[in-house]
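Common to both upcoming complexes is chain A, partnered first by chain B, then by chain C.
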Partner chain A sequence: MDIDDILADVSHDATPTETRELQELTRAWVAERVAPEILPYPERLMENVLERIRKQIELVEEQTGNMDPKANFRLIILQTELERFKFLVRSFLRARIAKIDKFPIHHLTDTSTISRLSASETQYLRAHHVLLSNHYQSSFLSQFPTALQRLDDTIGGISMIDAPDLDTAVFCRILRDLGKMLIEGKDREHHRELDLKRGEIFIVRWSSIKESVFAGDIELV
Partner chain B sequence: MALPLPPGLTPPEIAFLCEMELVTIIPRQRLEGLKLLGGPTPPLTPPHRTNLPLWLALLLKRQKRANIAPPPWLSPSSLGEILDLETGLSTFSPPPNLSFKPLSSTSTSTPTPISPPFTPSSTASAPSDALPYHWLELGEILLEAAADDFDDPDAVRRLLRDLRDARMAKVRAMVEKLEAGGGVRIAGVGGMEVAEGRAFLGGVVDGLRKIEARREKEEDGGGSGDDDMDDL
Partner chain C sequence: MYGELGNKLVQHAKRTLTLPHLPPYAAEIIRSMIREVRELDRSVTSTLTSLGGSIDPSSDPATACQVLVNYLCMRRNKRCLLAYHRVRADRLEEMCWSGVDVLERSAAQRQEGASDAEGSSLSPEEEEYARRYGDLLAAYKGQWTDIDLTGPLEPPRDLFIDVRVLKDAGEIQTEYGAITLTKNSQFYVRQADVERLIAQGYLQRLS
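Take a look at the complex of A and B:
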């Protein structure tokens, strides 16, 4: 153990919950912006963050009347930070909505995916899908032959249901030493082993690291 | 409502991330500790140096309430050495080995490890011999907002540009190493370089995979794959 390890240990344990939550939220935001499919909704984290944002807004509102220049500057700092947090939360949720909108039927039919949505996201997905299919039905689908009216046809080997491409290449950083991972080549001679060491950055298929990302051993960048 | 951006962080988003990096400031005014959403800040008492997130340091700097101490690696001598190293290597120069302490692979009980932008890789006590993840963004932001805190901002600016050129050539050269399965190690790459290379490098890997998949299909199906053209 050298001095860096000791320092890292100390700073690690001393990290306040607030900072920890900012780190988690930032990581979740980056992952959601990068990953091809929707990720599990961090319910507890979002509850805490939203609650603290609400309290901070109340605090800012209470202090806005204070004309003391010193207090005024403090308020500017608080508000700047508040805006940064609000941006993170908003961008995170909007990235999720973009994915929900892109693959509505896939999300509705795939049970493992729909369990990753929050209650309000599920509600939005269902309501939005009903509205959209009713609109398609009344504006043009009803005039098609019955056999062609479906939006989720899978006959003929081609599925109408769009789903995210889980083999998309992603950039990721290893957070914990994970040992070796096999990368499949075009045949057995081209198989390669990757040594997943902490701190390294790789380009890999999303599907091959997805479980490690969920477990918090790898993060997306 | 939905975010109209393609997957992958945009340069402004990378800069936003970079603004969470800790930097060292020398306050010119007192300021009591604040309870921020991202954790409490230490009270500022001149002339004691303090580490603050970059966004706050920039705010204080703009109001002339503090000076920013550039990180040790952002000096002409360090950058010169890193540039020498960089031009001699075919890979990126190694990243700082900071607070990446070895952790066992058990994800239980151990807390989530921190990573950039939350590693203190740009404070005054950061190592001087390696470029951190957000090197380019941080350098550009500091040169823009706090050029007067540098001894020789023009030399730093020039060296950053040279480093960037040397490294961008490596990003482009990386294409030859890419394979359909992915799995390319790019140690030492920077945040902005990931953002710039993502569409291109990711696109090449995805494209290779689709070509490979089609070739396999053809071999299996004896070449009767006329309507597979759509998959490409």
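Take a look at the complex of A and C:
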């Protein structure tokens, strides 16, 4: 947490859109990196950020010829900021791609998950899955007995479809007072009620706070 | 013995995970495994047909057990094969992401290894896969015009860095004019301009 976050907590409305977007992007990036499953794609945010990156690049290109030392110094700051923004976006997208690649069939079959991907990510997921299954087919599966050629078999007790573990523990910070919430344990005796107050940090199962994270009441750290 | 080859293959895959390069494709083991599966399948089919297509496990536990074991062996072989191919495919994807030209490298290896009949470390299917994945990646990357998705995943610290030239790389254009990169010279350049060259091994970053 840096000073910007603290300030934003105090006076949320006073912060300019630019700063808020940076915060949102950072938050999305952190969350994407720690959440076990893929999170909704922040379409509007990404559009704005990309638009601003593009404008900033234009500005930098315009001013490059300027030999005034003051302008030059400003340019270096601009470029540094630009590189950092680019890094955030890149790392964010890569974290998503890594998840997409890890559980392709799960993502394809689970409708709630696929709705969280952006159009280009969906396209990538489908194309990649086709590639991979063709690769398996041509390498060995085509020579197998037909009954064994499927990649998404669920008979015999073991499902071939790998899915993310929704019960992994995540660190999270409460953003709004949420009152009492029942956190499920592995059985009834282990159920616990937590009093979720703003600013507190918990380690809980992802599945039990997932909805609140989507609603923006809890953030992952 | 049933499953022994599968075990071998999984060990190969396991070893691949820790190796810096991709070892040769285990074509021989894979061919034998496919043969094993087909033989098992034949044995199951013949057992079943000799019994008229169905077995009653309670009246003939021995045959039922045999069929079950055969089935499980086939499924296990399939899992081993899938795991092996996935590990290698993942490695190929990783290479595509980091900008290594997989096909060029394998072609170079083939030329070197032509004398000792070593051949490429990739199977033809894998070469095809690498090529098509490269295309797919380029297509996906192309949608983000301003951001190089294959760039480094380390957070950037400095805009400018010191680099040393390891191999002659000719002249590059930067916003501050052209620089000629000759071997053993040292420059203070913008990181974004030379990232590609560092990844390709032309330049070395000095800390």
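Definition applied: the second predicted complex is superposed on the first by the 202 of 221 C-alpha atoms of A that agree within 3 Å, B and C clash if a C-alpha of one lies under 4 Å from a C-alpha of the other, contacts with A are read in each partner's own complex, and residues count from 1 in each chain.
By definition in this document, contacts are C-beta pairs under 8 Å (C-beta built on N, C-alpha and C of every residue); 3 or more make two chains touch, one makes a residue touch a chain.
All values reported here derive from a predicted model rather than from experimental measurement.
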| item | value |
| --- | --- |
| First, second, both or neither for A:V221, with chain B first and chain C second | first |
| Partner chain in contact with A:I105 - chain B first, chain C second, else both or neither | neither |
| More chain A residues in contact - chain B or chain C | B |
| Partner chain in contact with A:I114 - chain B first, chain C second, else both or neither | neither |
| Which superposed partner A:I53 touches (first chain B, second chain C, both, neither) | both |
| Touched partner set for A:Q23, first chain B, second chain C, both or neither | first |
| Which superposed partner A:I161 touches (first chain B, second chain C, both, neither) | neither |
| Which superposed partner A:A127 touches (first chain B, second chain C, both, neither) | second |
| Touching partner for A:I183 - first (chain B), second (chain C), both, neither | first |
| Partner chain(s) touched by A:F87 [first = chain B, second = chain C, both, neither] | both |
| Overlap of chain C and chain B interfaces on chain A (superposed complexes) | 53, 76, 80, 84, 87, 91, 94, 101 |
| Contact footprint of chain C on chain A as seen in their complex | 50, 53-54, 57, 61, 64, 76, 79-80, 83-84, 86-87, 89-91, 93-94, 101, 120, 123-124, 127-128, 131-132, 134-136, 138-141, 143-145, 148, 151, 156 |
| For the chain B and chain A complex, residues of the former touching the latter | 1-5, 7-9, 13, 16-17, 19-20, 31-32, 34, 36-40, 55-56, 59, 63, 95, 97-105, 107, 110-115, 117-118, 120, 178-189, 191, 194, 198, 201-202, 205-206, 209, 212 |
| Chain C - residues contacting chain A, complex | 30, 33-34, 37-38, 41, 74-75, 78, 81-82, 85-86, 89-90, 93, 123, 125-126, 128-129, 132-133, 136, 139-140, 143-149, 151, 153, 155-156, 159, 175, 190-192 |
| Complex interface listing, chain A residues touching chain B | 4-5, 7-9, 11-12, 15-16, 18-20, 22-24, 26-27, 30, 33-36, 49, 52-53, 56, 73-74, 76-78, 80-82, 84-85, 87, 91, 94-95, 97-98, 100-101, 165, 167-171, 173, 175-179, 181, 183-186, 190, 192, 194, 198-205, 208, 215-217, 219, 221 |
